[in-house]
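Look at the two complexes coming up: chain A is in both, with chain B in one and chain C in the other.
What follows is the complex of A and B.
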């Protein structure tokens, strides 16, 4: 198998992109841990890292996170095989539920973070 | 129409003479709009070069014998129409990810071994006597597994799967789809015999959901779906207190 197999067609390429999106997310989360450690010394000595490069990297990481999440949740309809009242739940309903739960979780986490910041 | 021609480039490989496979060109008449790539190969075999080797049987997308790479895409050559490629040349190669025996013929031993390992037949703990009559199934029970039973073992999915290409120990799409087909069958009681094969690391867990297996399947089977559903099922069986049921 040649190392360029992922260039053979668009679907292979998008698969590799999907898998690679995890890499900047992991780096960003490691950075977040470092920031939390720095903030642990107290608010007086803490200055958040705000260089342009970091902001750009954070935006890229956010876009990758969204792409990874959307592809993952879109596949939920394929993976989850549910029955309610002995009838199979349509894949579309499962996917919509997943996106609804994602939105709800995002709102709750956002509210908690904003609440703490105040 | 009678003058219309098309170029077929087919892989030639004689293990006793050649170090590696190479392409050979054949310019043949494209006499009929209904001609498929298999017809072109049969024309070459009959009138141009009788030494060309390839597998085929039914000519109607049932037997799964004539799978080859057609312009880099795994296809049943009996279903790949020349009109979809003409006037461009068509490159016909053996299925990717398998050793080549000769020309367009691949070694399917690995697949046959894997297929057998998932026991793709109905297993009963207690046979029902013939006198008891037919084992009835409701349409809804048949719908549970019907699409997976369409698999014709053509191996196009293995050829499209980069995971299998990178690690040939992976159980692979068709074998897992057929395991799922029997696990979902209300007449079957063999899940516990198949579980050790499909639930191991190189069973369903090796798959990283490229999804190309489902794209190339000529029968509309969705092996990627079978694999992901099996991942969820096996996880629930191992984690939930009531999960390891028959």
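What follows is the complex of A and C.
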């Protein structure tokens, strides 16, 4: 198969984009790790990341992160099979629960990140 | 191969699939809010964020629950990423990505990230409940 198969139609292209969400997210997490490490170097030299380039990269990473979240959580309805009172839970309910959990987690973590600031 | 050996559950397979699936879940549920708040709102000054000042960041990093959470947040997604990128290479026709050395490199990379994260979290701010 030619290596350009993924440019042939939109579905293939979006599949490759979905798989590639791994790269910016991995880089962003490593950035977070560096920010944690910097806190160990003492207050004098502490400077959080804040350059324009970093913010632009974060915007791009956020788009990829959202794409990963929507595609991955939507798949939960296919992957997770649950029975409640001997009745299978409809995939739609599982997907809705996952999106609800995503919202809840985002609100809680956002509140901690902002609430513990000064 | 005897019937008995064939019936034995593939624990290694199970383990890597567990890490892949949960890594994907952790990434899906937790990464966007961190990128939005710490990568955009904080640096732009739209909202006060805990990592913008040394004292608040150092203080929250000492919390053992925060340390455990950050370990899960940073390390688990790498097992997911490793799997995805390895199979993407396979899809692009790189057959070597299926080999054992490739598996060692990709999943070993995720293990290395995990170990480095543990080291950073343990050496950065002493554990405190304050």
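Simple rule for what comes next: the second predicted complex is superposed on the first by the 115 of 118 C-alpha atoms of A that agree within 3 Å, B and C clash if a C-alpha of one lies under 4 Å from a C-alpha of the other, contacts with A are read in each partner's own complex, and residues count from 1 in each chain.
Here is the rule we go by: a contact is a pair of C-beta atoms (placed from the backbone, for glycine too) under 8 Å apart; a residue touches a chain by one contact, two chains touch by 3 or more.
Here the structure is a predicted model, which means the values were calculated and not measured.
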item: Three-chain arrangement built on chain A, chain B and chain C clash or fit; value: fit
item: A:106 touches, of chain B and chain C: first, second, both or neither?; value: second
item: First, second, both or neither for A:78, with chain B first and chain C second; value: first
item: Contacts of A:8 with chain B and chain C, given as first, second, both or neither; value: first
item: Which superposed partner A:19 touches (first chain B, second chain C, both, neither); value: both
item: Touched chain A residues, chain B compared with chain C; value: C
item: Chain B and chain C, minimum CA distance [Å, superposed model]; value: 5
item: Residues of chain A at both interfaces, chain B in one complex, chain C in the other; value: 1, 6, 19, 79
item: Of chain B, residues touching chain A in the complex; value: 72, 97, 140, 162, 165-166, 208-212, 215, 222, 224-225, 228-229, 231-233
item: Residue ranges of chain A in contact with chain C within the complex; value: 1, 3, 6, 16, 19-20, 22-23, 25-26, 28-30, 32-33, 35-37, 39-40, 43, 46, 48-51, 54-55, 57-59, 61-62, 65-66, 68-69, 72-73, 79, 101-102, 105-106, 109-110, 112-114, 116-118
item: Of all residues in chain A, those that touch chain B in their complex; value: 1, 5-6, 8-9, 11-12, 15, 19, 75, 78-81, 86
item: Chain C residues touching chain A - in the complex, by the definition given at the top; value: 21, 24-25, 27-44, 47-61, 70, 73-74, 77-78, 80-81, 84-85, 87-88, 91-93, 113, 116-117, 120-121, 123-125
